[in-house]
Structures are given as structure tokens and as C-alpha cells.
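Take a look at this one; I'll ask things after.
Letters are used for the chains, namely A, B, C and D, taken in the order the chains are written, and counting of residues starts over at 1 for each.
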Amino acid sequence: MHFASDNAGPAHPRVIEALAAANEGHAMAYGEDPLTARAVARIREVFEAPEAEVFLVASGTAANAILLASLAKPWQTVFAAETAHIHEDECGAAEFMTGGAKITLVPGVDGKLSRDALAATIAGLGGRGVHGVAPGPVSITNATEKGTLYIHEEIAGIAGVADRAGVPLHMDGARFANAVAALGVTPADLTWRAGVDALSLGATKNGCLAAEAIVVFDPALARETERRRMRAGHLLSKQRFIAAQVLAWLDDGLWLDLAAHANTAAARLTEGLARRNDVRLLFEPEVNMLFVDMPRALHRRLLARGAAYRLWSGSLEGDDDDAPLTARLVCDWSKTDAEIDAFLGLF
Amino acid sequence: MHFASDNAGPAHPRVIEALAAANEGHAMAYGEDPLTARAVARIREVFEAPEAEVFLVASGTAANAILLASLAKPWQTVFAAETAHIHEDECGAAEFMTGGAKITLVPGVDGKLSRDALAATIAGLGGRGVHGVAPGPVSITNATEKGTLYIHEEIAGIAGVADRAGVPLHMDGARFANAVAALGVTPADLTWRAGVDALSLGATKNGCLAAEAIVVFDPALARETERRRMRAGHLLSKQRFIAAQVLAWLDDGLWLDLAAHANTAAARLTEGLARRNDVRLLFEPEVNMLFVDMPRALHRRLLARGAAYRLWSGSLEGDDDDAPLTARLVCDWSKTDAEIDAFLGLF
Amino acid sequence: MHFASDNAGPAHPRVIEALAAANEGHAMAYGEDPLTARAVARIREVFEAPEAEVFLVASGTAANAILLASLAKPWQTVFAAETAHIHEDECGAAEFMTGGAKITLVPGVDGKLSRDALAATIAGLGGRGVHGVAPGPVSITNATEKGTLYIHEEIAGIAGVADRAGVPLHMDGARFANAVAALGVTPADLTWRAGVDALSLGATKNGCLAAEAIVVFDPALARETERRRMRAGHLLSKQRFIAAQVLAWLDDGLWLDLAAHANTAAARLTEGLARRNDVRLLFEPEVNMLFVDMPRALHRRLLARGAAYRLWSGSLEGDDDDAPLTARLVCDWSKTDAEIDAFLGLF
Amino acid sequence: MHFASDNAGPAHPRVIEALAAANEGHAMAYGEDPLTARAVARIREVFEAPEAEVFLVASGTAANAILLASLAKPWQTVFAAETAHIHEDECGAAEFMTGGAKITLVPGVDGKLSRDALAATIAGLGGRGVHGVAPGPVSITNATEKGTLYIHEEIAGIAGVADRAGVPLHMDGARFANAVAALGVTPADLTWRAGVDALSLGATKNGCLAAEAIVVFDPALARETERRRMRAGHLLSKQRFIAAQVLAWLDDGLWLDLAAHANTAAARLTEGLARRNDVRLLFEPEVNMLFVDMPRALHRRLLARGAAYRLWSGSLEGDDDDAPLTARLVCDWSKTDAEIDAFLGLF
């Protein structure tokens, strides 16, 4: 009954098998091996983007920060939602790797920034010349940190604003697979066809051990990426082991199956919780993650009975048993109906 | 017949098995899992250093750069041998992570910096006050980039110079296991007992997939390390998979067995090459790596017949068949006598 | 009729005379000269702070950024009002010099951050451990960018919040003299006695050519400042010329006379404008600067007749003659009654 | 009898007068004033470079570091002589502003790097791909830190090597005026006509208070310079006061007259010292600066009798009265024959 994070789950057995298989014999280090070449080619295929530049790394924070550093000058500002992982959860990695670029927060709802608010925020920077920072990349997360989704049209709208401002559009796709699976669109539709210039494609949360890809659809934007990856210590020597994970994950659509399964598990959990009066959903969950308010006493009971999840606000300590505290509940690919039902049975 | 790098070899099967075993069930992310705690405890045990701070990462460049950034102020200079990996092979990662510290090269021979040259170099900085950079950490590599070793007494001598200058001593231990195995000393003797303040402990080259540990013997020097690791994107979400590798690698002395085997393989290779008139050893190999000069025509023949290794100087192109070109030949833990003999049979 | 900026005005003749006088003979460079020592001593006296560390620089942006870099770790965030110069007008200098620290905006009114909003903002960061950035220095500007003031009690309240969070309090005093003159308090009362740990003391806007002082009341916080100033190119070789300006400016209370004069000029201007129906004051001006809304047609008339000031919002272009556009009007120390009356006569 | 530095001397009276004259009335801040425009135009004229981009700053370290940051990527290395000011005397400012670029030292003699050594050093970097740092700008100083000169042909030779490597050529011209005056060539001949892409033009040491110009002959290389200057706090608000200094300094060839005078003074001093057996010249002085070895006892006598200069090696403390210690003797524009003769009379 572990709903703390999709990072808390195991890798899929096929990924482990692929690792073991990749472990035969020797291969040139630092990405000059055949598996890396195949993984890059496979990602281009999946995204229908033969020109895309692809760089494998082991962490999502690395993917985001290296990519933003490739897209932004130090005197620019990145535009992102208040809930963006790059703003709240990466300890300033983007600020570090860019050499001190800012992140300007754009208002929105449900973990999404709004197109109009973005346009207004960019306009609000203007007129300060060399004294103000310059507009830089727009960064959106899909699926969002709140378990919601940007659909193709929303992305295209945001891309239009970015384009008029002359700045690139980045997508943090830590849960990109969940978004594709939920929306039933192609990876291309949800990215470059909607105007996304570069993607951090996450596999770790969705069945891998440590595998992420930086995908730059416009190769002109990737001129600095290889050096920045190296210089940040993110070109692994035995790069073939990231590649092996990515290949197994993409093979036969495993990535989308796992994501769909996680989404379905979250839907089952949502349905179960929706029947209860003492649980309130904060956002309409669209992928594999939900945020709920429950009374403090209920949290205490659930956690004491063996459930695992993270409190997103408040503390178990306190006198008021009825005070609502927020929990984040995340379903990874490995959740079973039985585990969800067992959790619902604890209430 | 692959001698290109110890990074080119496979992981040991017990490491792969440990990964698969670690892949059961859920565990808290970002290092809050039991395996990570066990790996940290195990490293402290192996080094007889119960107070040491330990941080697992996936790349050796990351270990070095995060550690140096924890030890050096941006206006200091690191002292290192000309052949140091941090100087030649990490694309300026240390300069990046420190915020622009310098690396000052210290003369030496056989890939080692000399104690007296270090003292002279530090003294040579002096007298410029705020105009010059200040002395910072001394960084030595053991085993060195040239396949040679610092013995305990040499390290202690260098540590004395560092100490008198009031700066810490860092050891890049990408091949630390090879050094311990070759010298038959304890890990503690070769590090903190000799005056080393912090170690980058490499496991990747010696039987793991991607596993390195930052080991800071004086906890006061590690105050910034955790934040710097996070901010550089090097705290993996599924940290337990690095921990699993480290545990298997240290278990039952596997790490030293593998290193000893690699050293022995290199000795066999050295012995075979020493019999030939057209091969000249550049350094006396003490661990698992040798540098040899051979005529261009011989290189062409070996590579054409399926050997794999890296030219360290010169190029296969050229008219002069007799021109000596340098090769680096590295034996990883998986080298068999048969493979070495087959290589020697190609000559 | 030039109200564009207090940076647009001349230096006071006594400052120019002091420069000429300082230009006799030779003096050691880089601040090892007697004038610099005297200027430092004089600032300590004026602030009743014999232990303070003082560093002279030529630009206010330099003073702020060097000081914040001395006070903040790269993984911290500075807290500041939305209107802070460090946020809006310094092109990311603080982010650059700190190595990528964030600036977190704290709500407030009239250019001031509020104590309660600060406490809430700091609390709102919490709970993310190594994933979030850590709280860093609080930075307030006095007099503010909007021409308003923090009084001693407000500063002490903010200092209390900073203190409970374990972070230092910085004051951007680009117009500190105007604040002291307006409030009739001592420099010490408005800074360290109210809990300010470090001050950027501005002289350039108030009668100098290029002279600012970094004043660190707690010397323990200044350990990095000298190196950071040097490394950023802000230790001038002929440092005595900054010192000469500072000495003349502080001598006989000239700095407060000039500031009081500028404040009085702005009051006269305010009074004149308050009589008009088509002019609306946006903030209650407390020092030497006011923000007013006036119809577009009126702006056009004033500027055509020779007035000089900056539009703070909107554009002269546009069909609607009645649309209100914001102007910033700043009085420097050299404004005469005649100039103000001439400007008022243009309406 | 002050020979410590050309930074220790006064500004020329015409520069002070120009400052006083510039102090009339108001002018837009941050370089949008007419004097700044005139100073930029005047520098373009003097260099016969109508397309050059020019940026005024107050410190030579700032000029060098901002310029190198505009020319170099963080993963590049700058090539410079071991005696370069950017390497030895700027506390890592170039490393800081570039975001961690390296400086690679190029062998040479008399404070100059040699063309062949440069070619060899650049070639020596090669072959490491993404692992090594990439070649970046070459930086030479003219006149050098040792009081010697690069002539046009030497510069052109170095520029050829830089050009073949695809990297720009920077000149640190802290004493550029002394070089032009000594060589009797035009500023254009000594810079862009010889292949120099960008110049740090120093005026402070040669008769100004604090005035330096970044001159970028190829405007394409200056795209980042304005932002980098602002972000480093080096765009002064009352920029007109730097411009006024520059204009007075260039007017009627004052800059070259002052430099020629300083050079002549140094020649007189050299001649006087050459007559003595106990003084040994270390370099053949070509501009306004000489390095001499003299016995410790002689140093003690001279300094006790009121001479002022800097010891460049060794210490006055010591038993051996005959031990040779190195002094640097610099003549600024204000040195008189009488002062030099008085100094020579102390021996």
C-alpha cells in the first residue's frame, strides 16, 4: 500500500532483463556504443522526429537543468507555473546550470500555466532594456505536478505565445508517458507538432531504474547540450546501461502500457475515495496521481495501518482531529487492484 | 581482445543479481531507503571511519566535481598533476561546480605529483594577497592515470604539505580498488590514516554499472555536499539501485578480488609485451593499465585483426610505418588469460 | 526640468573639489591608501559601528550583488519585495554573483514587503528538505523604489522574522540618506539597532559621481566580501578617488543636507501637483520621488515643452488622449524651487 | 620617489577639469548621455574602426573579464602567458565571469607568449573530444607585464595561429598607450590590422582616475557584452563621468604624450641604473616599467631613504645582505627628471 511516489516503485522486469542482456562483453564507453545509438534512433522513431538530437541521462533534474541551460542565456528568465518541479523541487538546479537565470512564475490553475497569463507575464517584463532580465524559455510540465493534463490545443496556444516572444518552449515530461496514454495521442502530436521545442522525457518513474532522455526537436537548439551534459558529470561512462533501459521501455509499447496501467490504477483509487464523505479531491485526476484532503485522524489511522504516502500540507501532530490535511497519492505501474482495494479497506 | 577502458567492460554478475534483488517492492525515493543506509554503513565499516559522510552518485566526474566544490572556494585553486582526470578529461566539471576555481598544475613524474614540487607550487602563489587566487585543495589520483601508485608514505608526505598550507587533501579513487589490491594495505591506511580528507571512490570501472561514492572523512568538510549533489542533478530518485551495486561490490571482498584479477591480467599482458623488441613500456605498470609505444605498422596489424584499444598519441594515418605511437591498454576485471594470450598471439 | 532620475543629476561641487584635492601626488593602489582608511573610519563613526567591515565600490548594483553573494549560499533564496531593484533592475546581478541563488518575491504594498507576508513566505518554503531551496537573506530597500519609507519599528519587525528563520537582513540603501533625512533618526537606529546586518549605502544618487559602500555590521558575515569584490572587478586600482567622494559627502553632514533638500523639493512638487485634477498620486511620497498618473495628452504637452522624466507604464503612442500613463518624477539634490515651479508652469 | 605602480600616480589635470566640466546640469543615466556617445565615437575614430563596439567601464579587471566572458564558452580554455594579469592578478575574475572557463598557460620569454608555443599548446589539447575543454580565445598583453612589447609582426603571427584554430585574439591593453607611443605605430596597426579581435583599452594607469574601454573590432563578438557588463554591476549610473575622462585623455593626443613621457622617464631611470654594478636589469625595458635585481642591503637603504616601490620576489628580512631581490619600478606619466635623479641619488 505504497503511494508515496512513482519513484518508489520497482523497475519493470523487462528492463532488468535488458540490463542483464546488455552486460555481455565489452562496448566503447561514454555513449560510443551500439546500444546508445539504437536508443537514440528508437526515440527519433517514436517521436517521428528524425532530426531530433537526443541525450540520455540518469536523472530528471539533470535532464531539465541541462536542457534549460542549453536554451537560456544567464540573463534570461524561464517562465513556469508556480508548481513546476524546476521551481520547487530541484534545489535551484536550473539556476545553477544556466549560470544564474531566473524563473518567473506564471499564474494558472490546477498546476497549469495559462496562455493569457503567460502573455501578460512576458509583456510585464518589458521596457527595462538592459536593466531587466530578458525573456527566455517557457517551461510546462505534462502531465503536471498536480496530476492534470495540457491537451494539444492548450500547448499550441502556449507555443504561440512563446513564438511571438521569440523564445523556445520546453516540456518537462517526467510523466510524459502518462500524458500520452491518457490522451491517446501520438508523442509527436503532444510535442513538436504542438510547438514544443525540447522535451525532458522521463522513464524512471514509469518502469526504469534511472533513465531519462533530453530530446531537442530543433537541432539548432542543442548546440551546447553535449558539452553541458559532460561538464555537469552526466555523461555516464557505461552509457549503454541507460540505453538498454530505454530500449526495453519503448519496445512493443511497454512504456505506454505501464503508463496506462498506472493511470487506470489511479482512476480506481479515485473512484473508491469519491464514495467517502471525509475525503475531498483537490484536482480532477487525469493521470496517475491524486491530491486529497482528509481529516487528521483518518491520516493517522491509515498510516498506522501500513499505508505509505506523503503529506503535502500540514502535520500529523496537532489537537484538531478533524483538521483537513492534504495527501498526495501516486500509483506507479506496479499497482495492483488488490493493493488499491486493500488500501481502501483501511478507511 | 578489448583493452580500451575498464569502463568498456561488463558489470560483475553479482552486481546485476543485486540489482534484480533490489527491485522488489517499494522503497522511499531519493536515498531515504534502507539499502542506501546499508551501503553508507558498509563503506564506513570498510574504511574504519564511523564518522565519515558518504554520498552515492552515478558518475566519477560527478563525484570529483561535487566534492571539490564542497572543499574549494571559487577564488581558490586546486593543485593537481598535469595528467589528472579532473584537469584533462572532465571538460571543466570542477571549474563549473566550484563556480570558477582554478586548477594549478604541479610537476611530477609517472602521473604523480611530487611533494616538493607541490610545496614549491603553493609557495609560488604567495604574496599577491587579494589579487592572486588562494590555495585550495590538493587532489591526487590513486592509482594514477598512468597506471602507477602512490604508496602510503608518499601520500603522507603530500598530506603534510597540504596540512601546512591549511588546505584539504582529496583523492580521486576511480581505481582505488586497484591500488588497495596492489599494495595490500587497508583502505584506511591508504586514505585517512595517510592524511586524505576526502575520497572519490570508484566502483564503475571495477565491476559496477554506474556507482561511485563520495567519502568525506572529516564531516566538517561535507557541510555543502548534499546540497551540491542535489543541485547538480546527482541525487538519483531511485537511489537504492546505486546502493545495491555498492553493497554487492563490497560484499565478501568482491571489489578487491576483481581489482586483483584486473591487476594480474595487466601483469600477464606486460610480461608478454616485455618479450618483444618492438614494444616499449612508458611507465612501470603497477595496477591494471599500461602505456606502450609500438610502431605504426604494428598498431595497424593489431587493430585490423580485431584488437580494441585507444591510441594515446599519434594517428594511424602516416607514411612512416616505424613511427612509434602510444597505446593505452587497460584490463578490466573480466579479462581472461585466454583473451590476453589471444591478443599476444596477434603480434 | 529634469526629473528622470537622481542618477541624472550632477555631483555636488564639494565632491568634485575633493576629487581634485585627492589628485595630489602618489598613493598606494587598490585601497592601501590613507584616504580609503579614513573613509572607512568615517563610515564606522557615522554608523556608531566601530566593528563594521566597509568596502567601497563604484556602483550600486555591485554593492548589492557582492553583498548578497557574501550573505547567501547558491542554494538559498533571497526574499525581497516585487519592486526590489535587485529583482527588477539589475539584470540578474544577484543571481549571477551568488552562483544562482533565487529571489523569492514577498507580497506587500507601496514598495514595501510586509512582516507577516515575509513570515508566511518563509514558512511556505518549508518541508521540502534538500529538494527545495533553503531560506537565505531578506533584502529590503529604504527608502523604497516607490518613494516610501520603512520606519524603525517596521524594520525591527522584519528583522525579527529574519532572525527566527536564522537568516540575515540586508538593506539596499541606494537612497538611505533620503530615508535618514526624512525620518530624522540616526543611521544606526535605521540599520543595526533595528536588526539590519548589512547595508548597501548609496552616495552616487545623492551628490557623488560613483561611490557606494558595502557596510557589514556583523564582521563574521563579511568573510567572503573582499575576495568577491576583487573577483568581480570591483576593487578599483585608484580606490582613493571613491574614498575622496565619500569623505566629502559625509563631511559636515553634507549627505543629509543634500538628501533633505531633495526630499523638500519633491514635497514642493507634490504640493503643486496635488492641486491639479488631472494628476493622481500613486503613493504618498515620503522622500525625493513620486509616481503620478496623468492623461496621455498632458504627458505629450509636458515633454514637448522640455520636461524630462520617465514613463513607468504605457506609451505616448495611442489614440486615447485621456488614457492615464504613469510617470516617475525624481528630485535630486540640485533641484531648485525655480526649476520645480517652471515645471509646474508647463501644465 | 614613488615607483610602486602607474596606478599610484595622480590623474592628469585636464582629466580632472573634464570631470568638473561634465558636472554641469543633468544627463540621462546608464550611458544614454551625449558624452558617452562622443567617447564611443572618438575611440572608433582613433582606432579607424567605425564598426567597433565600445563599452566603458571603471576597472581593468572588469574590462578583461567581461570581454573574455563574451568571447569564451564556459567549456573552453583561454590561452595566455604565465605572467598574464588575467592569470596572476585578477583573483580568478575571468574564470568567474566566463562561468568556469580555464586559462591554459603558454610558454614564452620576457612576458610574451610565443607563436610556436601557442600552436603547440593548442595542438596538445586535441583529441579528447567532449572530455577535454575546447580551445577558446588567445589573450596577449601589450605592453606586457614585464615592460616588454609585442611588435606588429609578432601579433600577426599569433593572430594567424588563433585564426587557424578558429578562436579570437584578445589584447589586454592596460598599458596599450605605452606600446603605441614606444612603437610609433597607429592604434589600428597594433590591433585589428594585426588580427586582434578585441581590446581592453586602459586609461586609468595613464592619466585617468578610473576609465577603461572594451573595444570589440568585430561587432559579432560583442553580442553578449552589454548584458554581461550590466549583470556584473559595471554599467555605472553616471556613465558620463567615465566618458569625460576618456575624451580628455584622447583629446589632442594627450594619451600618447603621457605614455611617451612615462616611457622616457623609465629610459632615464634605466640609464641611471645601468651604470651601477650592483643593479641587474631582468628584461630590456621597452615601455615605462623595469625589473631589477639589487642586493638586499641596497633595497633596505633605498626604502629607508624614502623610495617607494614593490619587491617582486624575496623579502627585506634575511641575514644575507648581498642576496639579490627583485624590484619592479614603474614610471607613471607624472614622473619628473628631478624625481628620477633624486631616486638615483639615494644609492
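Please note the rule applied: a contact is a pair of C-beta atoms (placed from the backbone, for glycine too) under 8 Å apart; a residue touches a chain by one contact, two chains touch by 3 or more.
Here the structure is a predicted model, which means the values were calculated and not measured.
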| item | value |
| --- | --- |
| Selected interface, B-C versus A-C, where C-beta contact pairs are more numerous | A-C |
| Of all other chains, the one whose Cα centre sits farthest from chain A | D |
| Distance between the centres, which are taken as Cα means, of chain B and chain A, whole angstrom | 34 |
| Distance from the mean Cα position of chain C to that of chain A, given in whole angstrom | 41 |
| Between chain B and chain C, centroid-to-centroid distance (C-alpha), Å | 51 |
| Residue list for chain D, restricted to those that touch at least two other chains | 30, 74-75, 90-92, 96, 99, 130-131, 227, 230-231, 235 |
| Chain B residues touching chain D - in the complex, by the definition given at the top | 74-75, 77, 88-92, 95-96, 98-103, 128, 130-133 |
| Complex contact set, residues of chain C against chain B | 30, 73-75, 99, 130-131, 134, 224, 226-228, 230-231, 235 |
| Interfacial residue positions of chain D with respect to chain C in the complex | 2, 4-5, 7-11, 13, 16, 19-20, 23-30, 57-66, 90-93, 96-97, 204-205, 209-210, 227, 230-238, 241, 308, 332 |
